[in-house]
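A, B, C, D and E label the chains in the order they appear, each numbered from 1.
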Amino acid sequence: MSVGLLLVAWELYANYSGIKPTILPAPSRVFEQATLNREALIDNAVPTIRATLIGFACSLGAAFALSMLVDFFQPLRRALFPVFIVSQTLPLVAIAPLVVLWFGFGLTPKIMLVALVTFFPMLVALVQGYEATEVEIGQMLRAMGAGRWRVFVLARLPSALPYFFAGLRISITYAVVGAIFAEYAGAAKGLGIYMLNAKNNFRPDLVLAAVGVSAALTLILFGLTALLQRLAMPWERIGRQPAGKGPGR
Amino acid sequence: MSVGLLLVAWELYANYSGIKPTILPAPSRVFEQATLNREALIDNAVPTIRATLIGFACSLGAAFALSMLVDFFQPLRRALFPVFIVSQTLPLVAIAPLVVLWFGFGLTPKIMLVALVTFFPMLVALVQGYEATEVEIGQMLRAMGAGRWRVFVLARLPSALPYFFAGLRISITYAVVGAIFAEYAGAAKGLGIYMLNAKNNFRPDLVLAAVGVSAALTLILFGLTALLQRLAMPWERIGRQPAGKGPGR
Amino acid sequence: MSRLELRHVRKAFGGLDVLADISLSVGAGEFVSILGPSGAGKSTLFQLLTGAEHGEGEMLFDGMPLDDHGRHFAFMPQRDALMPWRRILDNTTLGLEVQGVRRQVARARVVPLLAEFGLAGFERHFPAQLSGGMRQRAALLRTVVQERDMLLLDEPFGALDALTRAAMQRWLEQMWRHHRWTALLITHDVREAVFLSDRIYVLSARPARVLREITVPLPRPRDPTGAAAQQAGALEAEILDILLNPQPSKGHDHD
Amino acid sequence: MSRLELRHVRKAFGGLDVLADISLSVGAGEFVSILGPSGAGKSTLFQLLTGAEHGEGEMLFDGMPLDDHGRHFAFMPQRDALMPWRRILDNTTLGLEVQGVRRQVARARVVPLLAEFGLAGFERHFPAQLSGGMRQRAALLRTVVQERDMLLLDEPFGALDALTRAAMQRWLEQMWRHHRWTALLITHDVREAVFLSDRIYVLSARPARVLREITVPLPRPRDPTGAAAQQAGALEAEILDILLNPQPSKGHDHD
Amino acid sequence: AATQKVTVALDWTVNTNHIGLFVARDKGFYREAGLEVDILPYSDTGAGTLVANRVADFGINGTISLFSQKTGGADLKAVYAVVQSETGRVVFNAARSEIKSPRDLDGLTYGGFGSAWENALISTIIRHDGGKGNFETVTLGTSAYEALANGSVDFTLEVSTWEGVEAELKGVKQRSFVYADYGVPDEHTTLISSSEAYLKANPALASAFIQATRRGYQFTVDHPAEAAALLIAGNKDALTNPALIEASLKALIDGHYLRAENGAIGTMDPAKMDAIGDYLFKAGILRDADGKVLTQHPDFAGYFSNSALG
């Protein structure tokens, strides 16, 4: 609703303030051009979505594998976390072109970059989630004769779900932005390339159209994770939420 | 420690794999060149730090003011949050060049971009923090005859501190990356410009040196927030941490 | 004449009737307890008294309609509600500070009481550095130092284990004998109610009505071991029976 | 002959002596309680029994040294420890599942007991949809259905309010009379210990020693209102006195 | 009289193409002309866009972007030619012996920069040589040269007086095709442009700026060593490779880019401007504001003016 208001304000400003459309095109023009160029936009959105999803899947897989490793061998945690923290401090602008150089223009570097951006938040979320397991559930399972693996599958993994989804919601946003970034550094197609081309061909309206598509994409993925969470955690939906249970958004 | 190991591996790879130093310079060379060019690096780090800190301060101020507003007028929250969520989905790469058109070359656009990146996480952290106030503390204060403002200052604000610092640690990382990015959009000096220049002058070693400086900078700021937290919240340090009290890292 | 008097007080949240019809009174210097099952509406009653919520019926204080809710009561919520970021001394002066008393003056009022409340030497500690019992004492000190006309205590020992709880009850009984506060206590611990009170109102499950008003005839100081303990035990069993098998009709199932 | 026998068991965490010298025994079909102040080392004792920690001294089961810790005991931790993501039926079959029993078989064993435990109709509910008392019953069902030699119950009703707690104690006493489990219960509620047990070990504060072994001579079924209640009250007062003024020497201050 | 402020935007990070501006600034030519010139830092936003939107008074930009931005409706007018002839060319690794002429580029991968004209230009070159003009494009922002060295792209476009010089300095063996050999008319690759609005409002100021700038380039041609030293001294952090600057400047002067063989400095050759405009129109590179290819031949005479040169 308030987003709509903002659009209206922008439209009015663009039309009546005398600002040039090359500086700030009106949303109506952006929308019109987006419709006219929808084929190109969709065409370019596909590789971005692909890179986002595959990259995110890889990141998830790696984060999951590593979180398990770290959970089973606690010393690893102290050894590896500094590396990941440092990895989060690297400016993407500088790293992206290097990664593209090392891995070519295929999907690989995009996946790498998306993974770089999303891996650590997911890892932290998962590890925090495992730790949130109620001590007594673990103790009870061991008294039942369950081994470490059983305890992990039966208790630690499900306990991590709320944290996992909180992390997912944040990461998916970064994933899209990361993919677009990676494309800037080198790609044949994609929303990032589309934006770059539009900019170099002096079409701010098309730049904004692509920005709109990417924002919509992010919101859709965001919504999907929320939906997924409702499906994956029926007990949170059905039961009354006990106060202070999981991490909030 | 593990970071050190990684550097050694990189050094060995760079020296013995036959990869060209124009593509991947050895860390020893990066370090040597960083030392040689330390004056220029420091000189360029200063504007980046300035933009980071001023931008972050503005963002903090705005987040703080708005969080209070939202706390006092709950309906505002529902009205404004969608706008902020959408603002987080905008790819910075595409927005940055437009920002220069709108705000010119000075500090302003950098500050704007840093603020854009850090504002929302800080706002969310603060609002979440206020909500974490124990219901009974609020009720007790009101029974003592305290008004809304007293309750806010005496209870809600201090309750938000752990969340505030958790948000601070995350945001400060984005702040540096955001400032570097903003420089790409037009600046006379700064680590971002230094990277760009080094790249266009075919000096990947200097690019990496600047990346190192920015990573170090981020880590220092990160450390400072941790220190600040210890100073600002002596009760957490002295007292035993009650389980599940504040948000973890 | 009674200090506080409630006449036919009712309260509903949306469609949910919480307080059906509550009439009760507390005399000056009297210690009265309200006993009732979880979710009955006990805390809601305190919300009405402190002005956090508004209901129907009459609430009189010293015979006058209760209007300025923030003036008559010193309220101690369930748990201790100490602020973790304030040192014990600053926590105990909180109520005075809110009343606008200058910090120096507030401290001067609190400091002499610290020893009596077993907190001497802990002024500069943070709540997290204190044991559960000491925290409860600090919370109680914060409450009584406000020097309001009446204490409202909502399950003040709810978060303590049974042993610490017993010790705190003994201590509170002593303090009360000494100061003769007018007090209204909410609890769902039958033994606590019998041990501390002059009178007990037993409430039904939601919507809450007064099931029974019981006068506790035990002599003070109360002694948990002597001969009076037998009498107390019998009274406890009786009250428990009222609660578990409520007289009028529809039984309260504990789930 | 006693089922479980501990002889001079000691345990220290780092430099902290927790269990000083514990000797106790539990006969087959006997209900024994351990009563002691918070932090004494009661849960630590169960950690030794379930093999989560290792200490000194002898632990015998049916006369043989206790080695396979995961085999003899069905353990119910403090609170209910139900998994919020499992439906009640799947929570109650958890122990059998871990033992490797096939899901069908496990369910077949649990389902007939649901009615007796007051859970019929709630199989498909999640724990959050149940009241506190029902959750406790589900946790107990999960524990007993494992059909181990002995139950270890660590403050099973610690998280309940006093009224629900009383109802659950009555219910457990009934169930125990019916099934005659061998049970060792940890609690710090004196009344609970007296109401449920054949014998009670009273522990001192940390480092824990056995202060007194008390046989409860009350007839079963236990009745909280009758004449035996008077006797129970006296016993309770006596135990409370032991706990609050421990005999040997150094007093245990409740903070 | 008080000095008047002028801002000029750059098209890229500081390089030898910009030398005249820095020489004019640091030798005081601007001050003598009563100007205080602010050389704006390079930004991600094109200089043409900055000028057309009046964020900058002047801007360094390419001829092709001038034409395509102008037909797209931007208010731009070229006022000075930084180089007298084409500095761009198609490059590839010398080792690629199978690439003998542009038609061999068919089916290979081009590392590009994201402008629409690149593909049109390259395909006309290939077609002119008898090829089909089909090749893969990968947009690389600015890492095209590393990618070429790396072998991840087969060919790209370069500025012979910058990337070309750097490759030579490093001893990287490269070969190239010059556009002019394949039907592309010669052009002033790099220009200084302003907007009609600015020129109309400040004709004297514009002349003063352009003439002082020309003095800067003139001085550069006459005293290359001193000019290079000035450029480096003025941009210490940015220009970390003095040898590159000197070699690049030598290439610019020796190749008669800064001063044509006929002695022209800064003047735009109307015939050249018209020819390239004509070529761009015919190649379908010029588009209107809505991105449609122009069907009407525009009058290119209004796109530039030497009048500020005096």
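In this section, a contact is a pair of C-beta atoms (placed from the backbone, for glycine too) under 8 Å apart; a residue touches a chain by one contact, two chains touch by 3 or more.
Being a predicted model, the structure only gives us computed values, none of them experimental.
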- Common contacts of chain A and chain D, by label, are none
- At minimum, the number of touching-chain hops separating chain C from chain E is 2
- Query: Which one of the chains is farthest from chain C, going by Cα centres?
  - Reply: E
- Query: How far is the middle of chain B from the middle of chain D, if each middle is the mean of its Cα atoms, in Å?
  - Reply: 51
- Item | Where chain A and chain E are represented by their mean Cα positions, the distance between them in whole Å | 39
- Query: Any idea how many Å lie between the Cα centroids of chain C and chain D?
  - Reply: 32
- Flagged in chain E as touching 2+ other chains are 45, 49, 53, 142-143, 146, 150
- chain B, residues touching no fewer than two other chains: 23, 97-98, 101, 184, 199, 204
- Chains touch one another in the pairs A-B, A-D, A-E, B-C, B-E, C-D
- Which of the residues in chain C end up touching chain B in this complex? 47, 50-52, 69-71, 73, 75-79, 81, 83-85, 94-95, 98-99, 126-129, 146, 152
- Note on the structure: Note: in the complex, chain D contacts chain C through residues 37-38, 118, 130-134, 161-164, 166-168, 188-191, 224-225, 229-230, 232-234, 236-238, 240-241, 243-244, 254-255
- Considering the complex alone, what residue numbers of chain A touch chain E? 20, 22-23, 33, 36-37, 97, 100-101, 104-105, 183-188, 193, 196-197, 199-203, 206
- Message: Going by the contact rule set out above, which residues of chain E touch chain A in the complex?
- Response: 45-46, 48-49, 52-53, 65, 68-69, 72-74, 111, 113-116, 136-143, 146-147, 150, 152-153, 287, 290-291
- Along chain A, where are the residues that touch chain B in the complex? 1-3, 6, 23-24, 79-80, 82-83, 85-86, 88-95, 97-98, 101-102, 124, 128, 131, 173, 176-177, 180-181, 184, 191-192, 195, 199, 204, 207, 210-211, 214-215, 218-219, 222, 244, 247-249
